[in-house]
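This is the structure I want to talk about, given as structure tokens.
Should a chain be cited, it is by its letter among A, B and C, assigned in written order, with residues numbered from 1 in that chain.
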């Protein structure tokens, strides 16, 4: 099967007052249709910049793509400006972290959903002049059922502030699904939610991905959330990919020292997590070689000079490390 | 401090404002040394009455034969004296009242806040006219009238800023730690709202200079023959349009003073904005 | 100084005891008429023994933060009493004695915001000592150096402003400012929210070390069951202003009795274990979702 999303050798720099910030360093990733990939990293890892690069919403005046390409369903998203513009909001849509700020507080949510149907949803046969009001409403009510909200007009007549956090996030997902995209980019969609709501939203996203063969790129700093939803997990540190693991391997077979230390940092009842000493590498002056080397207990001279290239094993486990940890038995 | 000067120099509006304002202040201070006819403040020269601008009298002469250039420069001193005293007393009365009313949330603060609102509801200049009218025209009564009517401006801005500061976590935490009201108000709140006070004061200098000229124009300022911009403009009305130069110099002086303050105040507002400059 | 405290009858009374504590916020209708009340905290009672670590866990709107602020003397309770070291604390909070404020402290969630943005960290750290002691400057400096190394920061940090620190460093300075008065009880309100896990773990490890080194009694308020589970001896679960379950941490985690506690624990992702989302993610009328395609 052809990959839906292909990212090759993508490097991205931001112009800042203090000089260029090397935000992404030679990122490579391929996503199959219907696959859920978790983009896991801490602040400054570049996960949000990568998501924005795919969405094509990088700040144009500051961002500079140094190398690489992004292909979505055969469309070159960086070079073919017109095709990329058409793909955005149709082929690929977005679920933000804070659903409250993403709704216009002055309009009823129903109006905002209807606008999406009118301007973004793909046309259907026999509706050359667009859908009727009734057809649009039926489509929206169907979508409410799909995101497990009561399919009622009452809900559509409310304003964003009259909804709970979980309801807003469900509506945001409904809005992202209306154009019938093939890729959904979700930027920490559950970070602001309580655990009981988070688990429901994650379950909903998994179910939608399976029902619609929708690929989801899910950025998160929460390994637990990644475990709950992803098929594969991509671990980033300071703009570099350190490891890509099938979900099952995340706990059992992580080999990069950073991934291991990140897992060991998770608080658990009866377990005293230690954390990773030191500060995250600055994108303004990233350390040469592997960017994790100043904080890595296994770092050697090689790590400080030569960047480890990602190597791929048979199980689809990608690892970028000169001195990986032994596979736990 | 050095960084503040640097940002003023970089901010063109602020720089122009500061230059204008410094020019007016410098001229006022150095007036006795630079005026060509210092005695024209008091003595009439009827024979030189209403002469157009020339090399001898740069801005012409007035109805009493006084050199307008000299009188405008000497008038700057009057304006500056009034403005400085009024602004200073406005800060000294308004800021403490605003701080106390904003920090405490009790009957006294409610009374102070309400009093300030009532004073601000009355048009300032009308109140000032009433006061100078009953005291008789003199520099002293102008200063008194403007001081009494202008301090609520400071009180109100300090009141609002203090109220919002009280909701800041670091103020709340200092109070929870047991810091005295004195400590919280003067060490935490005042330094954090100082920039708003400075900006307000800069703009207020212009407004006050204008108000003092207004009182002079209405004949409520210092009595003749002492030089005052507002009265000079008032006198010129009888001789317009023939003696077109009569109102030009005092009008320009007033314009430049107010403009300088407004520009400098606007610039300072940008430069001191806590969103762009924190902590430093 | 804080350590000049009257002897507490340890065995008989808890160090900090809360009885029937409530905080109701009025809802005002037209013309400021009182139309109802939000019961942020509703009739809460519990005790904390000397040296104990109690976790308070709950979701948004459970009232856990309001409870912490009442204990820390930032909000006045509507009803109920707080007893600290055998002494009933006065209400309103303004009458709380200075000695109690030093010994019972509230540590803010956002430590950067709890520091004056125009003050250097040195000045902010001196402030509690200036308020509570009459020590000369040298003695204060010595104390600050001691605390600074205890929280793992260097002397150079003292000349910086709060916004110039990283998130983890800000929490450390917040801890230092709290601990400089050697409190007996500290209320930590979401001490690691907004931090990366690797940094969170270092901050939590620090709190644990300080707990052991200074015999610190603490209340840890958090929405994160895992954080509370790893940090506390006992845990109280709050829901809509009430404590629904309280008990030793291992017991609450292993055998929760209240349905709400059960649903909270059931929602926790367990890496390596069965996925909670499995039961939610099965599509309608199709085969169960196949894992790891």
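FYI, a residue touches a chain if its C-beta (ideal position, glycine included) is under 8 Å from a C-beta of that chain, and two chains touch if they have at least 3 such contacts.
For clarity, every value in this text was computed on a predicted model and none was experimentally measured.
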Core chain by centroid distance, with centroids computed from Cα atoms only: C
Chain whose Cα centroid lies at the greatest distance from that of chain C: B
For chain A paired with chain C, centre-to-centre distance based on mean C-alpha positions, whole Å: 32
Whole-Å separation of chain centres (CA-atom averages), chain B against chain C: 50
Separation of chain A from chain B, taking each centre as the mean of its C-alpha atoms, in whole Å: 57
Residues of chain C that touch chain A when the two form their complex: 59-60, 166-168, 196-205, 208, 223-227, 229-231, 249-250, 253, 263-264, 267-272, 275-277, 279-284, 286, 289, 291-293
Chain B residues touching chain C - in the complex, by the definition given at the top: 168-170, 172-174, 176-180, 183, 188, 191-192, 274, 278-280
For the chain C and chain B complex, residues of the former touching the latter: 72-74, 96, 98, 101-102, 105-106, 108, 110, 113-118, 127-128, 131-132, 161-164
Residues of chain A defined as touching chain C within the complex: 32, 34-35, 42-43, 165, 194-196, 198-200, 202-204, 206-207, 210-211, 221-225, 227-229, 231, 246-248, 250-252, 261-277, 279-280
